[in-house]
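Letters A, B, C and D mark the chains in the order given here, with residues in each chain numbered from 1 onward.
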Amino acid sequence: MERLAGLISANYNDARFGKLTAHRPIAGIPFGSRYRLIDFSLSNMVNSGMTSVGLITPHLYRSLMDHLGSGKEFGLSRKTGGLYILPGSTYGYDLGKGKFSIRDCKGNMQFFERTRFDRLVMSTCSKIYNIDYRDVEKYHLEKEVNVTFVYKKNMDADVGDIVIDFDDRGRVKALRRLKKKEKKANLYLDSTLIDKNVIIRIIDWYKDNSYMDVIEAIAENLGRLSVAAYEFTGFARSINSIKDYMEVSKELLDSKVMKELFMGERLVHTKIHDAAPVKYFETAKVKNALVGTGSIIKGAIENSIIFRNTYIEEGAKIKNSIIMQKCKIGAKAILENVICEKGVVIEDGEVHKGTAGKPVILSND
Amino acid sequence: MERLAGLISANYNDARFGKLTAHRPIAGIPFGSRYRLIDFSLSNMVNSGMTSVGLITPHLYRSLMDHLGSGKEFGLSRKTGGLYILPGSTYGYDLGKGKFSIRDCKGNMQFFERTRFDRLVMSTCSKIYNIDYRDVEKYHLEKEVNVTFVYKKNMDADVGDIVIDFDDRGRVKALRRLKKKEKKANLYLDSTLIDKNVIIRIIDWYKDNSYMDVIEAIAENLGRLSVAAYEFTGFARSINSIKDYMEVSKELLDSKVMKELFMGERLVHTKIHDAAPVKYFETAKVKNALVGTGSIIKGAIENSIIFRNTYIEEGAKIKNSIIMQKCKIGAKAILENVICEKGVVIEDGEVHKGTAGKPVILSND
Amino acid sequence: MQQKECIAMLLAGGQGSRLKALTKRIAKPAVSFGGKYRIIDFALSNCINSDINTVGILTQYKPYLLNSYIGNGEGWDLDGLNGQVSLLPPYFTEEGGSWYDGTADAIFKNIDFIDSVNPKYVLILSGDHLYKMDYNDMLQYHKKVGADLTVSVINVSIEEASRFGIMSVDEELHITKFTEKPKKPESTLASMGIYIFTWSVLRKALIEDSTDKKSEHDFGKNIIPNLLKEEKRLYAYEFKGYWKDIGTIDSYYEANMDLLRDDPHIDIFDRNMRVYSNSNISPPHFVGSTGKVEKSLLCNGCVIDGKVTNSILSTNVVVDKGAEVIDSILLPNVHVMAGAKVVKAIVGEGSVISAKAKLGSTAKNAEIALIGDNEIYK
Amino acid sequence: MQQKECIAMLLAGGQGSRLKALTKRIAKPAVSFGGKYRIIDFALSNCINSDINTVGILTQYKPYLLNSYIGNGEGWDLDGLNGQVSLLPPYFTEEGGSWYDGTADAIFKNIDFIDSVNPKYVLILSGDHLYKMDYNDMLQYHKKVGADLTVSVINVSIEEASRFGIMSVDEELHITKFTEKPKKPESTLASMGIYIFTWSVLRKALIEDSTDKKSEHDFGKNIIPNLLKEEKRLYAYEFKGYWKDIGTIDSYYEANMDLLRDDPHIDIFDRNMRVYSNSNISPPHFVGSTGKVEKSLLCNGCVIDGKVTNSILSTNVVVDKGAEVIDSILLPNVHVMAGAKVVKAIVGEGSVISAKAKLGSTAKNAEIALIGDNEIYK
């Protein structure tokens, strides 16, 4: 039986998330009414039939542990395989740029030794898309390569993103990390399918240069490896900053996007909180919104994303905003272009307005 | 419904364990053929009906995560409550002396806020005994106190142990951390049952002195609190060093001790590895031994503890030793007073002999 | 394992034929309720909220969906070291197979199971009642008065009383008489079908009843009258909260709709006495730009582009643009297509209301329109 | 959920009366085997090792222990996102209850279940055979030859052949004839009771068979001969490994004892094709200072102060000082008291061999002594 395993790095940070990552890693940012960013990477893996997934954890791992628990909701609470928690290096977390350090692989060689697999998919938690890696594997085998990168054509790429250049014959020529924005780029989607012996060899080559990013290490050696790139044609977005976060959240309110990401054959798995259904009162008004369970809605919501167990009082108006779990929005409060952090209480009549490009972040800090 | 929750600190170390803690925390030391030290504390809690247990993790947490997994084997994979992983401070780990720092409590106040409980049992992973904390709770309620320490009379206490002094009327007078050995001491068994408001108050009092041990903080304030001590009369031992580890391991081979610890009403829970039964060949000789599953025995074993998936070849002789999981002992090898670390391969004919007081530790390092 | 003080035996084998189309495919306790729940969730949640964590569930009628919904009980924290859910279907022995024939017979056939757990008390429950109750309070009462059997009762109006099993009690709530559906009720204390027996007493009573050829093997008709005859200590325990037997389509509709009131009888939002269920992984519900939702309960996975008023929409219900849903209960996976109108209706799991179809009536006192599971209504 | 290519239906309802005392309390697939296993572990482990992770288990005879042992399948990694174990007992419908009447009838009564999973192929298994097999290889074969039904066969000696269902095949292994227990076998290819059907073909055959009043509703006697008559594509798949039908006390004993050989037919130590089971939390076994163990298998929780030779001791077996156990199989929780001697015996779960009692005989060709569950042998 051929086996595909997964390895996710959650051990990186980005200052562009501001307060959102003050107490949580990027992987743990709540997204889309009931998910956290990590759910997308992890669901892609388990929905592709993988039963062994390693997770390189960041320094702030408590919230991730809370969220993932046993891995049961991801089908990863198993006798053989399952979810492997792999502590990342404490330093790795603040170094910026790379998301997947050689050092974190090296520090967790047990995962490579103990997990039975022939090929590995390596991924991060910063891209939102819904993919079946078995298709990538098929492509990888057809092309008879050692390494297959997943990318999407014609994308806006930001500083720090990796893009792929092809030569005339459509072969991968180079991977570049951007120092300034580029349009219509071949955006690397942070997923690489790689043969076991190759990834182990690369980690070994770079063992003395361990702060380096694995993908950059591979990029430096394109000539010595046999590589291909798999074009993903579905909806895919990067989330590298608060601005991205707001923009992509609003894209979810396009029902085509919502259905592709959430309602296809491959569901996104997440922690189950077992809250009551959402209760709309007579005074509720709602339009273009995703709403999480356990919420009580008496006010008005438009173009917004509401997480579970939120209470929205009569006369409150919420527009173009993201309200995280367990918030309480008082009567006649007005929120526009706002991100309300988990558990924030907005008093009656409070007004907060940001702009689309620069939302106001309300938190308990 | 009155609720009792548990909180275990695994975030401490002790140089007296030498190589045994090079790659694992004290809590993760294999013990008694199929357990790790933490299993005893955790089992005491769940066997007392607790459904919420916090675990303050040390820096080297991977092996603990592997071992505990979802907490399923401890009945702690639950919707309400369950096992809470609480990252300990990185520094706490090397400070020695104390095992339960105020800092680690303070850093995890979420556990106190989100877990529903009226009283808490705080414990470490360095004492081996099998207790029902509901008996301690009953005593605590009868005595109408805020704090109840668990202790055992007339014990040998070592440097670093905490002992309890009583006044003439049998009331707790003081808790002292020993600077030299004492005999016939009232040894504190590292378990304290404490009211929720009291533990929260103490953490708050000492918030600026956070490297302090919680128990020492309580000890400093005996006058301001209402305290009692519950005498535990069963088998109880400290494991603070390699020497203790060898001695207590051998005590397990006393069938009275073994039955009290392992075969009473309250079983010790641990990760289930699902190995085959032990297969003894015709050439096997075994006397006074605990043997873990999945092992194949062709040689001789005496007064020893053998962990799972061990292979002992014909003619090998193992005496007064501890052989951890997945070792392979070659033909005619002789091991006496040895600790064989996980996965060590002993070649045919090798001979290693330590003494009872100073066992030889064989490892792959 | 330590001995259990009290275990629950939950009768979930009934067909519930008065629920008509809703129980064609599944047993009554498995019928969807209040959006995300199934009726049995309430009894199971009461158990775990009362610290009763060993539950035997007696199944017989089309148990597949119920079995797979309950699984190993983890949805209700009834797995783990101290918890256990056991599904107990009728079975075959050397003497052949034999179905459950009456409520008492179902328990009688599982004496071996109860003996293997060896409890002191046994709580008998039905899987089709709607209420929140702390059984532990009742157990403490049973122990305090030293009863052999405690029957939980509720005070009903004298008009309703003849629909129930009615107790006459003395001033200490000691039961002196029990009459099933009396024409002229002597009291208004109605049995809720919730019993705590001291196991040794019940065990003996079941064995005696099993050999009585005239018996219907029913708790209300046989076991309780027999114990009264034997002058055992039978006590009533008065429950003051909300309790509803979901027996008919009308009572099912009412009990659902009650959840839409500002202050409903059953608080599904209370986290202290939670109603647990076996949740799924559907995405959050989505209300589109043409959607409108008023005075309704919506579950995960719903996509609303039409208008929803005073209704309960279970998981993964889709209401297309231009469609309207009023005063209705839509069970999981219902699809209301564009331009359709659904009024005062109950629509079974997976059914489709075709485009422009009209279901139900706005007329006052109109009957509730009922569509079964997996139907297409044109 | 994505469509399943192949699911397994495991027949576990048989009483297995030839196993006598061992199946008095439990169904044959639940009988303890090889120390820590139960017979059904082998079929279930084969499923997960073959990537077949949806398994319906058909139960009927005394299923309680089997149900609680299997639980939600997590012991075999058959839970989780892609896996599922469904226990399928007979059930009651509006028309009343009806027990499983033949192997094909059991599958017929669960057509709804199979349809709900909607597989392309269905693998039919028995819960009481001992073997390690990759069903996926057989499935690939079934697809390659484009069969409607593939029957797994094993080459037996001509003497044994009349005990089995025997296939005649052409050079391409296309089945031309099938005879149940032929007096004069025309071939030595015996059916192992393992079938892969293309679901659409089986579905039709089951429905037709269900209305045939003369049918015994058995795969070997009815379904396969009918398909042959209809000239469907039936192929044999030859299995070369070890396979044993544990039908009698003698074969049960032999198959257990085989594990004690230096090189047994079934390798329970192989981690690549693991035999999974639902393990317990007993402590490691303990051999005391007066204990002696030779050529034996010992499970967790055993405490050995006596002498154990050439025997298999299941979980929590206690052998007291001065007791002797030779050539025997002791099931879980057996206690052999001081001075007792047990020779060539099978002792059922929880039974006690009293102090100084002698069980079994050392005589050559002595019969196997058999003690049932929970007995006290004096």
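Rule of thumb we're sticking to: contacts are C-beta pairs under 8 Å (C-beta built on N, C-alpha and C of every residue); 3 or more make two chains touch, one makes a residue touch a chain.
Computed from a predicted structure; not experimentally measured.
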{"item": "Most distant chain from subunit A, judged by the mean position of its C-alpha atoms", "value": "D"}
{"item": "B-C against A-C, pair bridged by the larger set of C-beta contacts", "value": "A-C"}
{"item": "Centroid spacing, where centroids are CA-atom means, of subunit A and subunit D in whole angstrom", "value": "45"}
{"item": "Inter-chain centre distance, subunit A versus subunit B - centres from mean C-alpha coordinates, in Å", "value": "38"}
{"item": "In subunit C, residues with contacts to at least two other chains", "value": "74-75, 274, 276"}
{"item": "Sites on subunit B at which at least two other chains make contact", "value": "77, 79, 269, 272, 274"}
{"item": "Contact footprint of subunit C on subunit B as seen in their complex", "value": "1, 46-47, 49, 51, 74-80, 265-266, 269"}
{"item": "Subunit A residues touching subunit B - in the complex, by the definition given at the top", "value": "60-62, 65-66, 69-72, 77, 79, 82, 84-87, 90, 108, 110, 272, 274"}
{"item": "Residues of subunit C that touch subunit B when the two form their complex", "value": "2, 51, 74-77, 79-83, 136, 274, 276"}
{"item": "Residue numbers on subunit C that touch subunit D, as the complex places them", "value": "13, 15, 17, 24, 59-64, 67-68, 71-72, 74, 86-94, 97, 99, 112-113"}
{"item": "List of subunit A residues in touch with subunit C within their complex", "value": "32-34, 73, 253, 255, 258-259, 262-263, 267-270, 272-274, 276-282, 284-294, 296"}
